[in-house]
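So, here come the structures, one by one.
Common to both upcoming complexes is subunit A, partnered first by subunit B, then by subunit C.
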Partner chain A sequence: MAMALSPAQYIAASANDKAVVAKAKALTILSNNANSKPSTTTTATADLSEQLNEETRNRYEKGRKLGEGTYAVVFKGHLKSDPASLVAIKKIKINANYKDGLAMDAIREIKFLQELSHPNIIALHAVFTSKNLQLNLVLEFLPRGDLEMLIRDPKNVHYGLADIKAWMVMLSRAVYFCHQNFVLHRDIKPNNLLIAEDGEVKLADFGLARSFADPYEKMTFEVITRWYRPPELLYKARHYSGAIDVWSVGTVFAELILRKPWMTGTTDIDQIDHICQNCGTPLEENWPGVSKLDNYVPPAPSAIHPIPNKATWLGNFGTVGPQGVDLLRRMVTLDPSKRITARGVLEHEWWISDPRPTKKEQLPKKGGGEEKMGEDLKRTGRDFEADGRVDKVARKLFP
Partner chain B sequence: MSEDDLYRTSTQYKFWSFTPESLAALRVDTNVAAAERVKAAIARHRAARRAEGHGAGSNGADTSASASDTDTDVDCLTPEEELRLVQYYSYSTLQSSAAIASKGFNIPIRVQATAVQYLKRFYLTNSPMTYHPKHIVPTALYFATKTENHSISVSAFAELAGQSEEKILASECLMFQVLRFNLDVRHPHRGLRGAYIELLALAAGEGAVVPGTGKTRQELQEELRRLPLKAHEPPAEQSDDAVQKRIGNAYALASNILKDSALLTDAYFHYTPSQVMFASLYLADSVLFSWYLDSKFPSGTAVPDPKFLKITVTIKRCAELLRDGAKAADFQTDASRQELKRIGKKLHFCQNPEKKDLEGLNRAAKRDGQVEGALDERERKRRKLERERNEQEGHELFGGTLKKE
Partner chain C sequence: MSRLAQRGGTAAATISTTALPMPSDDAICPVCKASRYWNSQVPMLMNPECYHKICKECVDRYFSHGPAPCPVAGCGKTLRRNRFRKQTFEDLQVEREIDIRKWLAGIFNRREDEFDSLKDYNDYLNQVEDWTYNLIQNIDVEATKKQINAYKEANQKDIAENVSLANQEHLTYEQRQAAEKQQARLRREAARREAEEERRIKEEGRNSILNKVASGEANLRDTNRVELKRASGRGPAKPQLTDPFLEDASKGAASPGFQIKGLKKRVQVAPEAPFDPFEGLLYKPQYHVVRDNYPWDFLDSTRKDIKHAAGGYDVAQYCARALCDAFSGLGVFIEDEIAAREGPPAPEVVEQAAAEAATSGISVDPKIKDDVF
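Entry: the complex of A and B
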């Protein structure tokens, strides 16, 4: 049982106040005339929170632009006090088309990153608003690009089993930590796995994350990029668990082995097809209850794919050895209640079988990562989500 | 990592947990700073109006009016009055949620609870004299629907809440900033549900046994059957149905406590969610609570586990806070209505004039960052009308209520 009773760690309010009041007195009364435009930027009326905000803002120096999208601009930056300590500053654009105030992605990302502090999750160092009320996220600087970049460049990037194991264990730790904190990531894929200078993999983009739902509370099924989306979401399940993230981890695992995306459906139906072919057709026998899901269509008997046997899996993914294949199969088990949990993943014997994971500093690297980080962080916002909403304006999240 | 360790990494623990002394000191600091600023702002405001009056020359009546109110001292709210006001508006947040629910948009308790905590956190470093709570409540509630993943469009919400969209969004950024961009609030509600499920399992002889407590499931089940109905009463002998019913009643009672006194008191600032949860269970059925906690410790030891004692003391202290809070949170009595009316009236005269027009401030802030052409005439007129309307509302003694009655 938690018995925490902390002393105040709040910044004392009075320290800066005298100066502020003095400044206020020195200011002319004219700017406060009822007919002139109201002024917020003067420190004359600065609240404690405004002072804090300004202090945070002044702590960082914005450098060159790393990337720009419709949703955000990403800058390289550093602490003013220490030019060697680099950060990425993600400035959220005010979206003219979004009338509902602060964007949901930004809210989710900030909410969860503030709470999750883990070596394999991108660190959020600070948040501040700029003068025009735009949000700025000061994020850990991850200059080595992302996993997608490494996977898709077989000419220049060579990696082996020990490297895959190292990347996978870092990803698995991140996912376990999220779930332990009752957070579902809901968008795990290679280009959300960024790489730090020292080779550490960091799970990023919490724009779709949410806390575990209350019992009976409905959640949206329109999450996770299609190729990495588990069958229960494709069947439009409204109640789901950490198993959805584990499926994504499994598809990333397969992609690392194959060096190309594993199941590349062009539509949601096509994605189900890919899953049936590669993992077997979901049926009541292998997944009790599946036929009750909204989008489930019972297959014609002739179209049923049996769950592939061990030999087939070994044939396709054997490079990671029998234990590795066993772990992969458990991650992409059709029935989410039988799928291995994030904790189960970490307890799997593959990690302790030979070869040992590569040390992070010795993992394969590639140049051009700074821009890639810019690209990864600026991605288009997904403002709407239908979780428990009365209006059903769910935006299609993915093309 | 234990649950305790995890909780200690939360922003709720790091930035929003206080000892009673530090919390009181913070509130006094906030009050003193705000009062100084209010006095300065009102002085500037009056001076400006006087200057205007002189400039216009012809309007003699107005000038004398401004001159006369220069002489009155600004009577600022005390920290106690501020606290009472915030408590009332916390209560009114719950009322508004109920009103909105009756119009068809159900707001789950975790959203309401988060909104109330946002409001309470907001007023730790801000005074109602600076920002009137009636403007902050709708924003807190709307913001909580967003952060708790239960959002609707602001236009739909505005209609339900009987507020303008702009008003709701005007202080959103401000609120976010004041909350130090900490959005996650940990609640005791789910924990209570967990305790309820576990108690039912124990009653059915299916509960999980803590290793080292030296008791079997059957023994625990038997103890529950024989549990006295009240403290200091002889052991009872109850049917399984009766035990189940008892657990259900305790859950319902505790649940209600978590829905109001836990939110209206400072419980969240002083105790962890699990402590608050157990305190509510203690108030609902102290015998059941004591047995439940005891079942987690080794039985038959001569001296009680010091941890057990520490936990019990903490939970009882929290329970006292909740019990007293329930009394203080009764806003239906004549006395408390009178009191609030008085504070409301007082607030009207010590409201910071520079922070009244939140929409205007918000627009100005956005403008500051963007290159924008001159306002067209219609927009200027619209804004002026709006400003006047706001001022009008400010004159209503206790402000427009959030819901239309």
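Entry: the complex of A and C
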């Protein structure tokens, strides 16, 4: 796999080191197993891969169920050797559509997550199979919910420009890293942006990801949740690039500002209509070649929306300042070849303008359920400690 | 706090250290003998200088023209009107103790986080409490006062800083904003004044050169050199700025008696580095260069294909990926990575392995041992 090698060149990247260390670990485990006697649980006849699998499975303790979807069940778990190291174990359900193989999503997720190691991308610690050959992914435990939860709760969660900037820069880093390693995520949306305990945003769900295609290799256009889908995919383009993810990032940006989804089409046609209204109607003048795309229907001259001017954008999204609006406009440029690249996003001046992005520890969080309880327990502990501390200080009589 | 400290700084050093007046009948002013019985409206005041109680009317009468001796028979201490106040506690002992503690709290306002360890902080508090006790109980008053004053002299800057710190904690956000603005204005003004001064000196220098040249007094070249030197030297008369911390430290060391142990070294907080959107992860291929264009028909045809162009397909990305796939292996140094992971191999282990190998009759090159493949 070519991907495996690409991170090797990050100048200051720890990513590369980690990847190599992970592989080296796999090697040591392998060699240990080969040298030592088979463990008691495995039969002597079990082959090497089964032993390895057994080894990995025995390292983790599966806990209670956190949630269940059509595609997978998620459990909370931890390392047997260290109960404090929490992980999420995602058990892929055996899908009726893939009777004699693995679900495509699972394969994609494993294929890309095991290669990408970045602070803003969810970490895949291990993969093993349990009984009935069910696939289990051991993922980083991210207890703070997702960005969508924060956006949709204006009553309890208040955030400002610096917070939006902090979240956006973390998302942009993740997307830049994916594209730099030639991976298209193809499903960026707020509920795929999970939040770690320390506030770090992590891009998750690589079930639709793929690597960049060769020329003339056709890709599917049925990717990305509709509201976040760029016009070229709605026009059924078969050859596209990282620009599709940048569009999604732009719509997430707009959603963070508006605190509601920006362009909410009910069908694909309706979605195109929303895009025409908000970003202008795609025409040959503003997007050369668009009329040659499969699903393009020339609009009636009366229905043509001009590309909105700067003042209109400022009116709708002015809270992020003129530079932020400029970045948003570049992200949702109609013509994908003129759209800003993931690297261009990070080079934009908005990030270095005032205010500085909030530190991740200080970002707004949303408590709830188990996490809230955990927090409360922690707090009491701290208070006790503080009391003990005060007792040790010689009492000041005045003031 | 600050008002206390200021008041304490000027006057509180003169809290009575002699025996307190005997608790006399509260109701009668010792000066005019007016009894509260007759005139209940007149409050009794006292002065922390000697704690004698005098009725308000007498205070107004005696001290309206400035300081005067205490009118109570046998006292005669010089009192000022502004320090007269109502008694807070019925027991004058308590009243006095509180005064002393207030005064000392204004001087000894160090915070716990200034100390290296809890023990140092407690030692410091203990020392302060010893002095407080001395002052309250009138033990070694002069020596104690001397030490306290020496401390105050030596640590003036820290005291003021802690006072302002305490004030800041009380200020609301707006007030803080206003204060910052004021500070910035002062700084700007200072900078402007400095620039003005510099300009003035330069101007003067130039004028004197011109004058001298005009009067044909001196050779132009010599004059120029001398005057320029003077102008650039900015005058030796200007007081040299010294590091206040150093100065404080030397004073503290010079003052006899009390030394605070375990005070943390003050560290200047480094200014935050400018925000880096890439977080240091800017990609740059080390072993190859991606060119803008490669002469290959396949690429050209892709570039010209309208469906590729309209869909935003990026041929340059394809080239970058192909080159990356081809050359990334050049950046992998397995031996270095193994060495970094395991650290230098312990010689004993290698020898032992070699010895085992020798006994078992198989020759193993210790170098290959790491490599399982």
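By definition in this document, the second predicted complex is superposed on the first by the 322 of 399 C-alpha atoms of A that agree within 3 Å, B and C clash if a C-alpha of one lies under 4 Å from a C-alpha of the other, contacts with A are read in each partner's own complex, and residues count from 1 in each chain.
In this section, a contact is a pair of C-beta atoms (placed from the backbone, for glycine too) under 8 Å apart; a residue touches a chain by one contact, two chains touch by 3 or more.
All of these numbers come straight from a predicted model, not from anything done at the bench.
**Q** Taking the superposition on A as described, I'd like to know which of subunit B and subunit C A:V157 touches: first, second, both or neither.
**A** Touch status of A:V157: no partner.
**Q** Determine, under the contact definition given at the top, whether A:W351 touches first (subunit B), second (subunit C), both, or neither.
**A** A:W351 sits against subunit C, while subunit B stays out of touch.
**Q** Looking at the overlay, what does A:L293 touch: subunit B (first), subunit C (second), both, or neither?
**A** second
**Q** Of the partners subunit B and subunit C, which touch A:L86 in the superposed model: first, second, both, neither?
**A** Touch status of A:L86: no partner.
**Q** Could you say whether A:L48 touches subunit B, subunit C, both of them, or neither, answering first, second, both or neither?
**A** After superposition on chain A, A:L48 lies in contact with subunit B alone.
**Q** After superposition on the shared chain, which partner residues are touched by A:K131: those of subunit B (first), subunit C (second), both, or neither?
**A** first
**Q** Under the stated touch criterion, which partner chain does A:A123 make contact with: subunit B (first), subunit C (second), both, or neither?
**A** neither
**Q** Once the structures are superposed on A, label A:Q180 by its partner contacts, choosing first (subunit B), second (subunit C), both or neither.
**A** both
**Q** Between subunit B and subunit C, whom does A:P215 touch in the aligned arrangement: first, second, both, or neither?
**A** In the superposition, A:P215 touches subunit B and subunit C alike.
**Q** Let me check the overlay on chain A: which residues of subunit A are in contact with subunit B and also with subunit C?
**A** Comparing the two interfaces on subunit A, one with subunit B and one with subunit C, the shared residues are 2, 5-6, 8-10, 12-13, 21, 24, 30, 34, 180, 211, 214-215, 393.
**Q** State the interface residues of subunit A toward subunit B in the complex, per the touch definition above.
**A** 1-10, 12-14, 17, 21, 24-25, 29-30, 32-34, 37-41, 45, 47-50, 52-53, 94, 99-102, 104, 107-108, 110-112, 114-115, 117, 127, 129-135, 180-181, 210-211, 214-215, 217, 385, 387-391, 393
**Q** Going by the contact rule set out above, which residues of subunit C touch subunit A in the complex?
**A** 1, 98, 101-102, 105, 112, 118, 121-122, 125-126, 129, 132, 272, 274-275, 277-287, 298-299, 302, 305-315, 317-318, 320-321, 324-325, 328-329, 331-332, 337-338, 341, 372
**Q** Which of the residues in subunit B end up touching subunit A in this complex?
**A** 1, 3-4, 6-11, 13-15, 17-19, 22-23, 25-26, 29-30, 32-33, 36-37, 40-41, 44-45, 47-49, 51-52, 104-105, 108, 110, 124-126, 130, 142-143, 146-147, 149-156, 165, 168-169, 172-174, 176-178, 180-184, 190, 193, 270-275, 278, 310-311, 314, 352-355, 357, 360-362, 364-370, 387
**Q** Quick check on the complex: what are the subunit A residues that touch subunit C?
**A** Counting only subunit A, the residues touching subunit C are 2, 5-6, 8-13, 15, 20-21, 24, 27, 30-31, 34, 118-119, 169, 172-173, 176-177, 180, 182, 211-216, 232, 237-244, 287-290, 292-293, 335-337, 339, 343, 346-348, 351-352, 356-357, 392-394, 396-399.
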